[in-house]
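Each chain carries a letter (A, B, C and D) given by its place in the written order, and its residues are counted from 1.
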Amino acid sequence: MTLWDGRFNQKPDELVAKFSESISFDQRLYAHDIRGSIAHVSMLGRCRIIPEEDAKCIINELNNIRCEIESGTFQFDERYEDIHMNIENALLDRLGDTGAKIHTARSRNDQVATDTRLYIRDEIDQISGLLIHLKSSLVGVAEKYSHVIMPGFTHLQHAQPVLFSHHLLAYVEMLHRDGCRLTDCRKRLNQLPLGSGALAGTSLPINREVVASELKFDSITQNSMDAVSDRDYIIEFLSAASIIMVHMSRLSEDIIYWVSQECSFVELSDTFCTGSSLMPQKKNPDVAELTRGKTGRVYGNLLSVLTMMKGLPLCYNRDMQEDKEPLFDTIDTIKLILSVYSPMIKNIRVDESIMKNAASDPFLMATDLAEWLVSKNVPFRTAHKKVGSLVGYCQAKDISPDTLNLRQLKDLIPECNEDCFSLFDPEKSIASRNVTGATSGEQVRKQIEFWKTELDVNY
Amino acid sequence: MTLWDGRFNQKPDELVAKFSESISFDQRLYAHDIRGSIAHVSMLGRCRIIPEEDAKCIINELNNIRCEIESGTFQFDERYEDIHMNIENALLDRLGDTGAKIHTARSRNDQVATDTRLYIRDEIDQISGLLIHLKSSLVGVAEKYSHVIMPGFTHLQHAQPVLFSHHLLAYVEMLHRDGCRLTDCRKRLNQLPLGSGALAGTSLPINREVVASELKFDSITQNSMDAVSDRDYIIEFLSAASIIMVHMSRLSEDIIYWVSQECSFVELSDTFCTGSSLMPQKKNPDVAELTRGKTGRVYGNLLSVLTMMKGLPLCYNRDMQEDKEPLFDTIDTIKLILSVYSPMIKNIRVDESIMKNAASDPFLMATDLAEWLVSKNVPFRTAHKKVGSLVGYCQAKDISPDTLNLRQLKDLIPECNEDCFSLFDPEKSIASRNVTGATSGEQVRKQIEFWKTELDVNY
Amino acid sequence: MTLWDGRFNQKPDELVAKFSESISFDQRLYAHDIRGSIAHVSMLGRCRIIPEEDAKCIINELNNIRCEIESGTFQFDERYEDIHMNIENALLDRLGDTGAKIHTARSRNDQVATDTRLYIRDEIDQISGLLIHLKSSLVGVAEKYSHVIMPGFTHLQHAQPVLFSHHLLAYVEMLHRDGCRLTDCRKRLNQLPLGSGALAGTSLPINREVVASELKFDSITQNSMDAVSDRDYIIEFLSAASIIMVHMSRLSEDIIYWVSQECSFVELSDTFCTGSSLMPQKKNPDVAELTRGKTGRVYGNLLSVLTMMKGLPLCYNRDMQEDKEPLFDTIDTIKLILSVYSPMIKNIRVDESIMKNAASDPFLMATDLAEWLVSKNVPFRTAHKKVGSLVGYCQAKDISPDTLNLRQLKDLIPECNEDCFSLFDPEKSIASRNVTGATSGEQVRKQIEFWKTELDVNY
Amino acid sequence: MTLWDGRFNQKPDELVAKFSESISFDQRLYAHDIRGSIAHVSMLGRCRIIPEEDAKCIINELNNIRCEIESGTFQFDERYEDIHMNIENALLDRLGDTGAKIHTARSRNDQVATDTRLYIRDEIDQISGLLIHLKSSLVGVAEKYSHVIMPGFTHLQHAQPVLFSHHLLAYVEMLHRDGCRLTDCRKRLNQLPLGSGALAGTSLPINREVVASELKFDSITQNSMDAVSDRDYIIEFLSAASIIMVHMSRLSEDIIYWVSQECSFVELSDTFCTGSSLMPQKKNPDVAELTRGKTGRVYGNLLSVLTMMKGLPLCYNRDMQEDKEPLFDTIDTIKLILSVYSPMIKNIRVDESIMKNAASDPFLMATDLAEWLVSKNVPFRTAHKKVGSLVGYCQAKDISPDTLNLRQLKDLIPECNEDCFSLFDPEKSIASRNVTGATSGEQVRKQIEFWKTELDVNY
């Protein structure tokens, strides 16, 4: 039988090479690897561990290599399994004995840890920028439609009228916390591991503080065995990314609901949908659906690294090579989602009348009546019960409470007076909810102003 | 501020295209897509839904396209977002009106479901073959070292002597169950969804049974709405793959322990390790470590699809496009692991004397003495207690129980006699455990013979 | 500072006891533990490993203990950390030397594995029954509303008209596969591990086949080291349960959408909802929401055991004690969900007119027109394009295609004739989709009949 | 057939009640619920929304209820499904109209969010304390054994000698980051959601700042729709807990390895192990194994809540009730693990001679020789190669490099001199690695002093 013979024509060492290599995915670290190497070599020169002249020469060649990689002329050699060995071997080829000095006083373990931290730090900065961009888009739309009324939902059932802008600003709050979590993650990872060697440090008189300062790390790691086997910063980043996906999947779900034929609150720009030349009613919210679907991939990446790290003995184990693909995939996914969502949000169109109509059911204002009674000194649970019986009466008669006259109303709730009728107006209902954080126009305007200032500063 | 401007220089529609495309990863389905299309078109011809001549013409061109893809001459067009549209559009370009008939009575939804089932079916066959190969390697090594004694562990503590081959055959059992699970998964997915249309079937008089038979499906799906939105077979496959990884990670852990300096039971061939030119004592078991690490990626892929499918309304949603990458990555990972493990296992070398020595501690035979007492009618818990006090006595005196003379032994356990001394021999201990499934040479030989026959048949 | 002093007043050994005990959750295994023990002791007697009289005496007392546990009079003793030791120690107290014989030729490792398999086997039977019950409820409702038309959705957008019963039967297919997966899992786990000892079998002349037969196991396990450390059957069960939750969460999502004010296709019985005395429009579909939410818990339980098993060396490790709570919680969750869903489904009320109205948009019948053209020998992509331009024309004029007269229709699509007008009728559209598995009344009736017979047989 | 009849004897409404209730697990929130209610009612009184006298009366009775719950005399009423309704209804029973005022200007949604935040905040404080306690234990043991040398491992292979205390301090670093993550999580969740109502705020003139200040929240939430449906703080906490488990599972793995017969570096106190009266060599590290196993449960809880929150529309959905059990289980698990680990660590015994012996293989000092050559101006890669050939020479002759005489050494590496021989001493190797974070005694002593001061301050 020969099903797998094809595969077994591959020699074991080819299989092992294929199994072990990381150059197919860690190429993207080239700039951070070179940046880290330059700082390291520069320090070696200053500390006279290698001649300063050699350091300059190496730095010069590293810059050349970076240019070549960026212009596509650098020859990657598949004999070298990762980006680090490709770069070091290019140096060796070009500079001989001088190139042979670059790896002085470091090991692959502390080098990779340094590269990855530099890389995530940059990506966090980019994602933070994209979060600000999306928040700006949301705030912009909130401002544009600041007068639009919609039903607020709980359990996907109409609950109380709210401002559409209030709903959008809820997502701004979420994305803001996401940004803060990334900032905390960045702060915590911003320590230089270089100098930790393979696990035990080095006997050569290096100056780690100088390298840290050059690479803009806040400080240096304090335990070499921890430094080479710590992957907390990757897991913490992936956790923060997973929470971003909680938020983006919720926003996507809202949008998918809003654009359904049943709901029709919102229309998306054609750019962000696929249509069907046969079924014009179909405008599939693909971006929202794919975003919701990609939540799984980001969660999966988090689980992948958590599982990989479970129960590993100190220090470095080869398992840890498996940290990179989930990290890279998560970063690419999050950046693409935030990038495409921002223009999609900016270009939504809102059907104000459908929304307002859905929010105008007088029963949605029952809570307002109960709170009005409380303001007339009726204990809350009693008020709740009285309004409940009014509602029951209307339901039984299949009438709307705003069609009762005052006498009928007073028969059911003696505390009622003329003022009560205005309570059935959704605009007034919204305006009355005027505590901090609530949905009144005044509060929402304050929030819009707050965010405009805040986002402007961070832009 | 411009951190993300680079990205935003991309126009929204470019971003959306990048976000939505699947051609970068679904190309690998080309052969199954073409195979499915040929069966479909052939049926359309036979049923006179399109002229038979047209059918032949399309089939001919599909075969050409397959050859071109395989020889690398087919021009993929990035305007078409997936493999299906690339192939259909090539047909349209080449055959005009005739080519325009291929998509008759089908939709992308049932087409993709068909392709994916065909693809997984083939991959299951390949993985089943690789499982047999690895089982054969394990059985081969078990036979080669069938006399080797080692300590059996519980809690990573020495418990009782066992045969090394018995330990290896435990993994054969696990891999056998893995194969059975894949067979069940294959059986369940082997139904043709084609003919389900976008969700509601078709009004054209197709013959689904003919297509099923042509494509070697056991039967056809019975509900079109289920058929286009079912992804059970992917999740079931990913679950089976995750259990394979449970087993491969356990085997890897065993190997990593066995090759540690502390243990030194086993040596791996250099091919499967990285060494260090500086530290000759180091022979890093990279293949075992990477396998253990890749467990995370396979679990993550399972979670990814489970999460994606959670709470999706019927029928097809675009989220489901996210089923492919976790599937493909899992298949590639499992195949590579099994492929590389098989020669690695075949080439292990065992240090019999270290293993036997570790298994020869007389205290490991305490259970044998207790069972011997039971055979002399001592109730088990009493026997257990008596042996316990013997052990306690020896420990207190820091002597080994096999160094006691008969009188001393009888003082502690009156039921003892001369026979007892042979109980401290690990070979005899092993030989005595001779019930089915136990570790005696007789039982293990039976198992080796069983597996040799079994695997031979399936080869 | 004393934040944690309270805790540290607990002595270490109390903490360890609390950490290690399982009696708080493994009590539920009592019946299976006793059943397994009776079969084991009976065999010991028959094989003369212990006197037959002793065996009878032990069996008698085990039956007493079962009755006491069931009547609540059995005294659990917290000094014994699990259910197995509680029962064995009760025997010892009551029967002295005779009771001391029960643990002959077995260990806790093979005993627990046997108990758990017996337990899951019973629970699978119960869950299979509940699946049949729920399928029956779905088929019943499908039959009751077999004439009701609704829009079929893709991307949560209206796509084509389908029968409501066809939609319900899609779930019957899913639940049927769930039952089959459980059956496969049951088949695979139905092997007796008892006789494997702690890891190496036993030297006593037990008869494992007799025990297997008594306990209705299909066969006995063939490798003792595998048998005591295998947890595949738990993971396979948890995977099958997770797929059940995929289906139940999708059904829940459909229901939550259907009962929204926007959709209003379906109304649930009050029993299965919470309402609000203030907001009568609110009838929160709590059962559907909680079911969707509990998906997370079932997935989490699966990942919990997968993570726990990753990288464990052979054989038994104490980590494995962590297999029980996720298993028990999953079983309880699945059983409760299926139990409550069945009456909820039986009692849904459907608003036929809203549903039919939503399905009657003539644009939903565009695919029918395209297929009609194919039947008139227009190549499919050409037919697709022609209908597309008709649709575009109608949209531009903001008219519905069914309001065109024949001349107008022929101007746009020359192949059209009088018959075309009937294509815009959703009833006819549905009736025309009459291939196996499609949505026509004929096909759906067949399916209903099939399931009624099938479910009847299995009841 | 009657398999499930038992269950179906339960009436649907009983099933729904059982399905929906949370009182069985949310009782533990009683103190935080009462604390939140007291602050709320006190504010209602101060703001004259209810009479101050009523407020006092309610507060008094809430204090009574707390005392009754704590003394076990409070009657929970199973008609009320959660802790909040149990307390409110007790108030109603006891205070009538006055009690009916407590729920004024709040809803269950903002109340539960407030309770949960108060609860997590307290638990974070407790866990932070336990982390400090465990770090203190680790530092204490590090100080006690500060002179002990062991082999440092990578790939579970001996790499270079390190101080045992350096290894322990690596875990102190990890646990320190864990504490910082909890602090960040606490800071982010420390905002008052009360006042957000069901989703839209309230029309009553409450003062949220006063309540926030009373409950020691740093600020108030700014968007009511976000505030009632935000569960970020739970996910962030569960992520931080999962990273704690990464660390505790790694420490457990190290310990399990150290106490194996093969390794025997460390012995645990009997209190933390189970032994076997038969096999005295067995001292099972149950606490370490269970901790490693419980990693799965904590990861599972995280994924459970992530899955539950995926794709939920705004605002509150009943699914969210599923947030509590994973949270509570995680908190209980983490606290128990940290509590039991601290005394276990304090009581480990170390076998210095075995450890030192394992670290004394001269090949482990090969890196030292290479670095010494670098200090003599040999380029690193050249030095690496020279030492490599020395190692190869020794291996081929099966001799140890420290047994060569100077001439032999110089033949292989001309740069060598007398000083080289001292490089093979593990003590000197360790002492020479004296950069910050490395393993020299000087550096490790600095770290021990640092942590002693740091932990003292936080105690």
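FYI, a residue touches a chain if its C-beta (ideal position, glycine included) is under 8 Å from a C-beta of that chain, and two chains touch if they have at least 3 such contacts.
What you are looking at is a predicted structure, and each value in this text was computed from that prediction instead of being measured.
Chemist: Which chains, if any, touch subunit A and subunit D both?
Modeler: Intersection of subunit A and subunit D contact lists gives B, C.
Chemist: Are the two sides of the subunit B and subunit C contact the same residues or different ones, given that same means over half of the numbers occur on both copies?
Modeler: same
Chemist: Looking at B-C, B-D or C-D, which pair matches A-D on over half of its contact pairs by residue number?
Modeler: Of the listed options, the interface copy of A-D is B-C.
Chemist: Using mean CA coordinates as chain centres, what's the gap between subunit A and subunit B in Å?
Modeler: Roughly 33 Å separates the two chain centres.
Chemist: Could you put a whole-Å number on the gap between the CA centroids of subunit B and subunit C?
Modeler: 24
Chemist: Quick one: which residues in subunit A touch 2 or more of the other chains?
Modeler: 154-156, 159, 257, 284, 286, 289, 292, 295-296, 299, 302-303, 306-307, 309-311, 317-318, 367, 384 - these are the residues of subunit A that touch more than one other chain.
Chemist: List the residues on subunit A that touch subunit D in their complex, please.
Modeler: 49, 92, 97-105, 109, 152-156, 159-162, 166-167, 169-174, 177, 180-181, 184, 188, 195-206, 208, 220-227, 229-232, 235-236, 239, 242-243, 245-246, 249-250, 252-254, 257, 292, 295-296, 299, 302-303, 306-307, 309-318, 367-368, 371-372, 374-375, 379-382, 384, 429-430, 432-440, 443, 447, 450
Chemist: With touch defined as at the start, can you tell me which subunit C residues reach subunit A in the complex?
Modeler: For subunit C paired with subunit A, touching residues are 151, 154-159, 256-257, 259-263, 277-286, 289, 303, 306-307, 310-311, 358, 361, 363-364, 366-367, 370, 384-385, 387-388, 391-392, 394-395.
Chemist: Show which residues of subunit A lie in contact with subunit B when the two form their complex.
Modeler: 1, 3-4, 7-8, 10, 12-13, 15-16, 18-20, 125-126, 128-130, 133, 271-272, 274, 284, 286-287, 289-290, 292-297, 299-309, 317-322, 325-326, 335-337, 339-340, 342-344, 347, 458-459
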